[in-house]
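Report on the structure given below.
Order of writing sets the labels: A, B, C, D and E. Residues in every chain begin at 1.
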Amino acid sequence: MPEFFQFLVSGLTVGAVYALVALGFTLVYNASDVVNFAQGEFVMLGGMVTVFASAAGVPLPLAALIAVGVSIIVGLLLYWLAIAPARGASAVSLIIITIGASILLRGAAQIVFDKQFHKLPSFSGDTPLNIFGAAVQPQSFWVLGGAAVIVLLLHVFLERTLLGKAVLATAANRLAARLVGINTATIMALAFGGSAAIGAFAGILITPITLTSYDVGTLLALKGFAAAMLGGIGNPLGAVAGGLLLGLLEAFGAGYISSTYKDAFAFIVILAVLFAAPQGLFGRRSVERV
Amino acid sequence: MLEIANLRSAYGRIEVLKGMSLEVRAGEVVALIGSNGAGKTTLLRALSGVQPITGGEITFLGERIDRLASHRRVARGILQSPEGRQIFDPLSVEDNLRLGAYLRRDKEIDDDREKIFRMFPTLEEKRSQLAGGLSGGQQQMLAIGRALMGKPKLLLLDEPSLGLSPLLVDQILAAIVSLREAGITVLLVEQNAAAALEIADRGYVIETGRIVHSGPASALLSDPRVKSAYLGFD
Amino acid sequence: MLAGLSHRYGILIVLAAVMALLPLTFPSGYYFRVASLVWVSAFAAIGLNILMGKAGQVSLGHAGFFGIGAYAVAIGPAHLGLPSLAALVIGAGVSALLAYLVGRPILRLRGHYLAIATLGFGILVALVITTESRWTGGPDGMAVAKLSLFGWRVSGSGAWYWITGGLLLAGTWIALNLDETPTGRAFRALHDSEIAARVTGINVNRFKLQAFVIAAVYASLAGSALAMMNGFVNPDQAGFLHSVELVTMVVLGGLGSVVGSIVGAAVLIMLPQLLTVFQEYENLLLGFIIIVSMIFMRDGIVPMVWKLMSRKRA
Amino acid sequence: QQTVKVGSVLSVTGPASFLGEPEDKTLRMYIEKINAAGGVAGKKIELVIYDDGGDANKARTFATRLIEDDKVVAMVGGSTTGTTMAMIPVFEEAQVPFISLAGAVEVIDPVRKYVFKTPHTDKMACQKIFENLKQRNFTKIAMISGTDGFGASMRAQCIKVAPAYGVQIVAEETYGPRDSDMTAQLTKIKSVAGIQAVINPGFGQGPAIVTRNYAQLGMSAIPLYQSHGVASKSFIELAGPAAEGVRLPAAALLVGDKLPDNDPQKKVVVGYKQTYEATAKQPVSTFGGHAYDGLFILVEAMKRANSTDAKKVRDEIEKTKGFIGTGGIVTMSPADHLGLDLAAFKMLEIKGGDWTLVKPGS
Amino acid sequence: MTILAVNDIEIAFGVLKAIDGVSFAVDAGQIFSIIGPNGAGKTTLFNVISGMYRANHGRVELSGEDVTGLVPDALAARGMSRTFQNLQIFQRMTAAENVMVGRHLQENCNLLADLFRLPSVTRQNRATREAALTFLDQVGLRDSADTLAGSLSYGACKRLEIARALAAEPRVLLLDEPAAGCNSVETEEIDRLICRVAGKGIAVVLVEHDMKLVMKISNRILVLDRGRALIEGSPREVRDSPAVLEAYLGKHGAREAGRA
């Protein structure tokens, strides 16, 4: 039984990491239907900038703030220099641009920072807590809490504010959005900046657990993407549900089935879920009238 | 109120508006008629700033607006109910209407929405449903309602009666008349040319990107050339 | 109609001419190697383009089929005593069958959901290859027996240049053939509007599946060719990053354009070779070039060039 | 003055960059020194380095490029076993000596005429660890390995040699190269009764996370053995206090200053460490040392042959004898293209955040 | 001869019963119109008949065969063709290609033959294009044959859809607001086209709000209101029904209807 709880805890920890990354996809997707493959790079930036700033003697909270700021700037630059000029390009072309951006950002990070792995101290120490016989890193609570805060903020923003509706409207119908007076360029910039901030925030929270380096983005983006799709992309609640579920699948898969095939197990479950619910668990059901 | 001088616009290499000049005076209803592909929709899109122009000038209330971004034109009071309805499918009917008033900051938004609901009671029944599930005509009502939510000074209507039941066509036409009474200027594109000219003050006839006739609506209605080309024989 | 015919053969003739003349400019065998890599990747990209560009269905797991083809010619001769060519055919058959079985359920999904499902499939293949090391040599890969054709053991970059070139010509011909046929039109129709396609009597699922199987077979054959040419295989060839690379080739060159896929492959294979002089700035520049080309050639390189050329002529 | 071209294909970026990067830096810095000192056999060395990003297919292309286009006379490189194995056929065919920096024993077993390598094999690492287990009378162990090339290959070697040391592997788990939490696997190991030690073949950040999770789960009472794949200071840094008490086999380089003065390697390793840390401004790792060894085995062979002819150089490499490198004292033969024995490995333990030599028999 | 028989169809979206027990039958060569207020369920009824939606209850027969619940492509193969109220054209194909796709079922489609472009494929292709051009001619779009459909104006797209549907040589043709977006003159052309189609023995089911058109060419008219049949009868009966006048026609509609 303590094993079960340990698996549960480790699943939730990893799942919360995925959930945080998945949440980052939500804003850009909601404004543009584009899955931003450079999202993982924002997570990397969050971690790496914090590491280097605090190594340079900046106190940790300030370093974290700087990291978020840097990521937002990079997110806005990504929009202004790469996405906005490609106005009118198809979603696939935009996705390739984000792939290019992720290669570029990784290349830049490897020059600006280095190619080593780095860590951040846990926010509340490393003494594990004992819960039902399972050992929990205190940092896990930070990650879970961070995911909870962001999902709440995003949910309220998208569902309860006019600006949030404008974001959804921009994705739903760009032309109509312009016709009702929405400045779609600003909305997109907001989405990219916001996503970058979420990504950086995620990077700062998870680095004490996962460590970071210039190239952590790729796999995190991949897992985050899988989590977002499992939950139903565009829906912040879905992103969190998908992330936690993916983490649990991996942990229980590793614990009870086979650690080698845990990813396989996770993906088979994802395929099965999509088979039953083609829009993910909590995806917006698309209404297409003819 | 609105002055268009020698407006040109093209899709790629194909020029669709070939130097169009027309004017709309404050408080008027002006009808634009023309056959499929004449360029009516293109003109309205150019006025709203969602279609690039290659030449000419657009002046609105004494201000050049042809270089303004679309949202700035909306802020100046130019709203459009576009061809093909272009509603926000995944949002609710209410949200669609609320977004129509996106740039408004006044307190009457909710009242105005109720007014729209009184105008189109079917929409009220569906107020919290996703707009994508509406029937074609209901979507058309929503598109018109959304444009009205923006408190237009100049309302651009691209085939507002399209897909509406005859009863509703009556209502829409009546509504346009009452809009004029409320001081709103309307530029109306309509395939139902006879009906449009009946309520309009003046009209323009467009053929392949050029204005070929213009004048008071009543004169156009009785013009034999217009009759044979757009009104049918009866 | 006639124009369509000559257009198709025009492309093939130009391609064949380029293939024939290119070696005259090659100072060393290394260039043959790079060119062969381009041919092989282009072949895989053309197949993927039938799926993505024509039928409008994404696959982010296509390297999985590439890997199956590659490992078929590795495992077949090494563990089962099969001749390489037989292994290649079996690999293509396995890929086709797998594509059929996997495609049936997942091709119902759309857009990003299809992307994640295919991605999952690709990852499963790569995972099996990495793990079942008794058969596959594990993460470090395994050696592949040399291809022997009628007693001639194929080796050297030059020989492979012609073999892969021939393969590419055949692949190009078939892809171009599809364009003006009922099948090709059905692909494009379901891309634009599945609903309309269905009411005109197109069995959407069947055609999606066809496109998926065709693309899988292309990828599998390309994988086999590369493996035999390299003399080794490793799981990277089935990996996610390789899938992304293939998709990038297709989109960069131009969705739906057969020539585009060749150009896209050429660009993505040659760029890293050219960029090595910039050393640590290589990735930075690669990303930069991808972004800039997508901004200025948003429909892909070849469609953009076509457009410019036809504008000049007009 | 004439030049001679020496090639190198390294994984300077990508998942194995922590191998390729120090190798790259080492090669560049020492080639400069050698050339400043007049070169070798009357010629300056021109170094051609390509970065394969860890991709074997790319490595293969660069290998062809080195041979066909750059016409190098020898190659020192190949950071990983995967890239090395992909490049071997090219060098064998072109008959150009290739000194690999990869770990797995397959590189030199079976012996290939033109292929050599400098790092200790993973098999030796297993043997070194098992030797230590035997001295402590441990027979029941668990293994948790990475699924990357390094981890998988070492895992296989350990399973192969375990019986010879009377060691029984009673639990086995794996983790992916980029996994960020191994508590599930470790919990399973923990639940198996009677385990006396845990071995973690792996490189990169994985072992650091394993070590941290190990402490988190309160397993520190069971000795944890890491591999030579983590032999750099950054492991200690990443794993933090959890690294305390971890043992691993590694080259003398890590404990250069702790070697007795009469140790023949001391001068070489201290010299390399100082040069590297002064120039590269980062802590030394054994991986850069492999490149150092490879380069100087090659240079010495060229000097002995007084020629830069590929075949003559190859023959001289094979005759390398008593070469003192960072990895140990190398004596090659036609049957042994590595030339190191178990003595080259030291068993280290992390104490107080630093490496210490384990006293024999403990 | 009854081609299409629809029996007691029922379908609901959530709590809303969009269609509630509707039945009708159409004979070969007949023009059968369905009218009714916006949201009455006309398009939904089409969607059920053409297999896009699955009805909760009811039965659809095509030439006596029970085709309830068949998928759209299976229905197309049995001779059902339709157009859409919300345009569904193949934007990235030319007008001619759009219509050629419409002839999909008339063509032999064999993957291997197509991959190798056997001479038979080329021959067939030429024939299909010829046929497509004649259909384009019928809707007055021949000049736009090689224009990308995405760059056609709204009215042209509507007519293109009709040409595509006709190209399938259907037994039943369902037209959802074919004249929307066309002016009176253009509407008259469509009116002639529909009559010609019916003259060839095709059963035409028409949904349309243009009363002049409906009253002029329909053999029978079914009026739907809130998912239920209000009345079914001849144009005259419908026009004179006070219920229809109140729920649907209004002043304007009545006048239009009167003009027919």
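Observations on the structure shown:
Criterion: a contact is a pair of C-beta atoms (placed from the backbone, for glycine too) under 8 Å apart; a residue touches a chain by one contact, two chains touch by 3 or more.
Since the model is a prediction, treat every value here as computed from it, not as a measurement.
Traced through touching neighbours, the fewest hops from chain C to chain E number 1. Using CA-based centroids throughout, the chain positioned farthest away from chain A is E.
Relative to the C-alpha centre of chain B, the farthest chain centre belongs to D. Each chain gets a centre from the mean of its Cα atoms; for chain B and chain E, those two points are 28 Å apart. We define each chain's centre as the mean of its Cα atoms; on that basis chain B and chain D are separated by 74 Å. Chain A and chain C have Cα centroids separated by 31 Å.
Note: centroid distance chain A to chain D, computed from Cα atoms, is 36 Å.
For chain B, residues that reach two or more other chains under the stated contact definition are 133-136. Residues of chain D found to touch two or more other chains are 13, 147. Chain contacts: chain C has residues 131, 195, 280, 282-283 touching two or more partner chains.
Of all residues in chain C, those touching chain E in their complex are 1, 5, 174, 177-178, 180-186, 188-189, 191-193, 195-204, 210, 214. Residue ranges of chain E in contact with chain C, taken from their complex: 50, 52, 71-73, 75-77, 80-82, 84, 88-93, 97, 100-102, 104-105, 107-109, 111, 113-117, 121-122, 124-126, 128-129, 164-165, 168. Across the complex, chain D is touched by residues 3, 6-7, 9-11, 13-14, 17, 110, 114-119, 126, 128, 135, 137, 206, 209-211, 213, 215-216, 219, 250-252, 254-255, 259-260, 263 of chain A.
Residues of chain D that touch chain C in their complex: 12-13, 50-51, 55-58, 60-62, 64-65, 67-69, 80-82, 85-86, 89, 93, 104, 106, 147-149, 152-153, 156. Chain B contributes residues 48-50, 69-71, 74-75, 79-80, 82, 86-91, 95, 98-100, 102-103, 130, 132-136, 146-147, 150 to its touches with chain A in the complex.
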